[in-house]
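Just below sit the structures, each encoded as structure tokens.
In what comes next, chain A is part of two complexes: it sits with chain B in the first one and with chain C in the second one.
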Partner chain A sequence: MFLLLSSYWFYSQIDIKMTLLLVILTLVFWLLGRGVAYYLDKEDEKRAAIVTNVGVVIGIGALFYFKYLNFFAESVTSFASLFNIHLSWTALHLVVPVGLSFFTFKLMSYVLDIYHGKILPEKNAINFANYIAFFPTILSGPIDRPKPFLKQMNQTRLFNPDNFLIGFRRVLWGMFLKMCVADRLDIYVSAIFNNYEHHSTISIIFASLLYPLQMYADFGGYSEMAIGVALILGFQVAENFKRPFFSTDISEYWRRWHISLTSWLTDYIFLPLNIKFRRFGIQGTMLAIIINMLFVGLWHGANWTFFVFGLYHGSLFIPLLLSGHLNKKKEIKNRTNICSFFVLVTKIASTYFLVTIGQFIFRAPSLSDAYAIIFHSFNSWNGNLFYDMPTLINAIICLIVLFYVDIKEEWFTPKGANQLRWTKPYQVDLILCLEIICILLFGVFDNNQFIYFQF
Partner chain B sequence: MKKIILHFITIICLFLLIDRILGVGLGYLYRQSNATDEYKISYTVESTNASMLFMGSSRCLHHYVPSIIEKELGIDCFNAGDWGIKNIYYYYGLLSNILNRYTPKVIVLEIHPSEWLKLPFSGVERAGSLAPYCGMSEGCDEMLKLTGNYYSYYISTVYRYTGSLPNLLLGKWGAMDRNLKGWKPLDGAMDTTGVKAEEYPFPIDQERIRLLERFIKDCKQKNIHLIIIVSPMYACSKEDVFKIPRELASKNNIPFIDHYRDSSFVGHPDLFYDFGHLNRKGAEVYSKKVCKELNSNL
Partner chain C sequence: MERNEILKRVEEIFRDELEQENLVLTDDTTAEDVEGWDSLSHIQLVAAMEEAFGIEFKSREILSWDNVGDLIDCIQKKV
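Take a look at the complex of A and B:
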């Protein structure tokens, strides 16, 4: 109960009016879960399906109303105007509840999992409310699945000093990523993109190449902090990132980037669609992937840039699918062999480049802005590279630390190794202490906004 | 639980030790640095004994040539202006640190609307540049407290130098010529396309005005001859931008020298680097011109 009150208090500090919505939705879905289970017990599959669908409609309805209604209506009116049909729409001034996209997905997965027999309904409403409102994850995920979380809620949690230290380390690492890498890169990237008219092609390309790293450090940093705080409280929540920029193709990238969202959409959108389109063969899978990636894009917000972002990423899967490389594990075993290492690096670099194009679209405020930046870039080849030396040096020092840690974990750490990374207690204390010093020395302390809070 | 407590005690002790040792090293680099921010602050606070100090933001930094003024007035001077849209929060903290060590005879304060208007891009955070001098004087500490970081600076010495390591390392090779006594010339002529007068549609900030009054009062108490000055702009607002400081100067019997609309500079792109800053030639011409007025006000 204390945890729940803390979570609601935390949420109310950000959005007091929407706390009521959160409580109501939680209660409704808890009752719906009981309803689904009740009909399943009675072997009334039809009614269970109806109740499940009611849950899905409420979840999607809440998302649609707060996030997409204005966008949808405005798109319909402008589309109709192409055919000289004049519709009018006065935009509603809606405040999107913080974390809506994250907690509605949790709510929907709860009723869907009960319906599919993956979990039993949670008897204790407080436990369920804790799952939905758990304060480390409510704002920006990771989007936890009900089964592992509710299982932990129903277990007695004993204080584990190792988990506490691992949690503390992950909070510090998250802070380092956010404050020292993301916010430092943001100074440069925003300086270029917010005034692109005054910058050269080379500067825009350089800022575009830095932006995926900024996004990774920003959202990855938040995820690390959320996972760390959860561990300190005795909970293990889903991982969200697995060094995405070591991906050798786009499908691997999506298995490493925002894992909790992509796995959610894979389970609840892609797999059902893929089964439905099975009779169309490879074209059916293609269609399922593209629809799934459109959901990935539009989940981020109501903007055509996100639609194009989803479409772009969906289309990147097509060559993989046609060549039969999708989901094939491509472990390059001998990295000491120069030739295979070169192939690996080339694949990693080309994937990063493809991701950069997608992130460029993602970052633009609108498609016309994206077009304007590209158009400007084609006409500004003569300018020099803009660099703000102190900012870039700070960022480069921190990026070296980030790459060192990621390369070490990706290539030189055996699976299941000690999460604290060091075994001797003094090493742990020294490294934690140095992380604090690094944050104080290199951090940006006046930018407290996370990019993913807006989604 | 005992294990965790032991870990945390060790971490705190290690932190304090490393932080203090690193702080000493960073402090040394800070004093050696020739990078504009670090050099201007450390030299002004710790070294200069100039009788005449010029204070202000970037317009002060680029507009007053100490060698010309020294030659014309026969008084040693130092340009303590610093860039980065500094404002009265910073100047007050800096003045307090200066007075803690010595008392200049004359202070010339180049004024900007950020001294009395609530400019969204120049607030109390500008006083954060004085963090390395946390604990040096009451006025400086008061400004650092307003930034909300005073106690963090107190706990961590390293935090006082946050983000400035590249400047401290690279600055050793020099971004400023120490022979120029704080003046940083700008070379080149301005591009006049699309240049408009800067307008200031911001509300008056009583807190800043009170600080400006305290600045005047502190100078009076120490018998410092304070002169408030406005250097030229390429393009001028139609509004009476400097009404408030003019009234304040008149109320306190302080000379107020206004070159904002000086026709020998306004609209002369060959004398400007950009719309708000004189270039090397402009600064030299202006310094010679302003000497006569400074002399008559001394």
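Take a look at the complex of A and C:
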């Protein structure tokens, strides 16, 4: 109960009115879950499906109303005007509840998992409410599934010093990523993109190449902090990033980037669609992938840039699908051979380049802005690279630290290795001190918000 | 049809579709245990099993499977 009250207090500090919405939705879905289970027990699958669909409609309805209604209405109005049909729409001034995109997904997965027989309904309403409102993850994820989290809620949790230490380290690492890498890169990247008319092509390209790293450090940093705080409280929550820029193709990238979202959409959008379209063979799978990636894009917000972002990434899957390379288990294992290593690096670089294009669209305030930047880039080859030496030097030092840690974790750490691999206590103290010193020396302390809070 | 017989036939289908001659399935086998068994190949496997056994699975049934054992139980109910 204390955890729940803390979570609601935490949320109310950000948005007190929407705390009521959160509580109401939690109660509604808890009851819906019991309803689904009731009808399944009676083997009345039809009514169970109806109750489940009610839950899905409420979840999507809440998302649509707060996030997409204005966008949808304005798009319909614009489209109608192409045919000289004049509709009028007065935009509603709606404030999107913080974390809406995250907790509605948790709510929907609860009823869907009960319907699919993966979990039983949670009898304890407090435990369920804690799952939805869990304060480390409510604002920007990771999006936990009900089964693993509720299992932990129903267990006795004792203080574990190892988990506390690992959690604390992850919080510090997250702070380093956010304050030293992401916010430092943001100074340079924003300087370019917010004044692109005065910058050369080479500067725009350089800023574009830095932006995915900024996003990774920003959202990855938030996720590390959320996971770290959860661990300190004794909870294991879903991982969200797995060194995405080591990906050798786009399907691997989406298995390493925002993992909790992509796995949620894979399980609840892609898989059901792929099952429905299975009679159409590879074309059916292609369609399911495109639709899934459109959801990935539009989940981020109501803007045509996100639509194009999703479509772009969906289309990148098609060559992989047609060539039979969409298999997650086939990895390039041999890095000791020079040729193999060269191939590996080339694939990593190519994937990073493809991701950069997508992130460029993602970042643009609108499609017309994206087009304007591209148009300007084609006409500004004569200019020099923009130098902001203090910012760049700071950013490069911090990026070297990030690369060192990620390369070590990706290529030189056995899978499943204990996170507390050091054997001597002084090594723990040394690393913690170094992290704190780095944050103090290189961190940007001007209350920069996390990028993913807007979603 | 006997459960073991169904398991054997499913194993043949998996070996064929995933191109793994030595693959052995048990009731507890999950996608994590089998190389190449992911969300994409899963649908190919489903389609192949439907054709082999002359049955049709409902979406809800497919989504409820956690392991090969669940899959076999589902097939057994239908044949």
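Keep this in mind: the second predicted complex is superposed on the first by the 451 of 455 C-alpha atoms of A that agree within 3 Å, B and C clash if a C-alpha of one lies under 4 Å from a C-alpha of the other, contacts with A are read in each partner's own complex, and residues count from 1 in each chain.
Definition applied: a residue touches a chain if its C-beta (ideal position, glycine included) is under 8 Å from a C-beta of that chain, and two chains touch if they have at least 3 such contacts.
Since this is a predicted model, take the numbers as computed values, not measurements.
**Q** After lining up the shared chain so the two structures overlap, which partner does A:His116 touch, if you call chain B first and chain C second: first, second, both or neither?
**A** second
**Q** According to the stated criteria, A:Cys433 is in contact with first (chain B), second (chain C), both, or neither; which is it?
**A** After superposition on chain A, A:Cys433 lies in contact with chain B alone.
**Q** Looking at the overlay, what does A:Asn394 touch: chain B (first), chain C (second), both, or neither?
**A** first
**Q** Examine A:Val444 and indicate which partner it touches, taking first as chain B and second as chain C; both and neither are also allowed.
**A** first
**Q** Taking the superposition as given, does A:Phe66 touch the first partner, chain B, the second, chain C, both, or neither?
**A** neither
**Q** Which chain A residues are contacted by chain C in one complex and by chain B in the other?
**A** In the superposed arrangement, which is not itself an observed complex, chain A uses no residue for both chain B and chain C.
**Q** In the complex, go through chain A and note every residue touching chain C.
**A** Against chain C, the touching part of chain A is residues 45, 49, 115-118, 266, 270-272, 274-276, 278-279, 285, 321, 326-330.
**Q** For a test of understanding, state which residues of chain B touch chain A in their complex under the given definition.
**A** Residues of chain B touching chain A: 1, 3-4, 7, 10-11, 14-15, 18-19, 22, 125, 149, 156, 158-159, 161-167, 169-170.
**Q** Mind listing the chain A positions that touch chain B in their complex?
**A** On the chain A side, the touching residues are 159, 161, 164-165, 184, 389-390, 393-394, 397, 425-426, 428-430, 432-434, 436-437, 440-446.
**Q** In the complex of these two chains, what residues of chain C are touching chain A?
**A** Touch residues, chain C against chain A: 35-36, 38-43, 46-47, 59-60, 62-64, 66.
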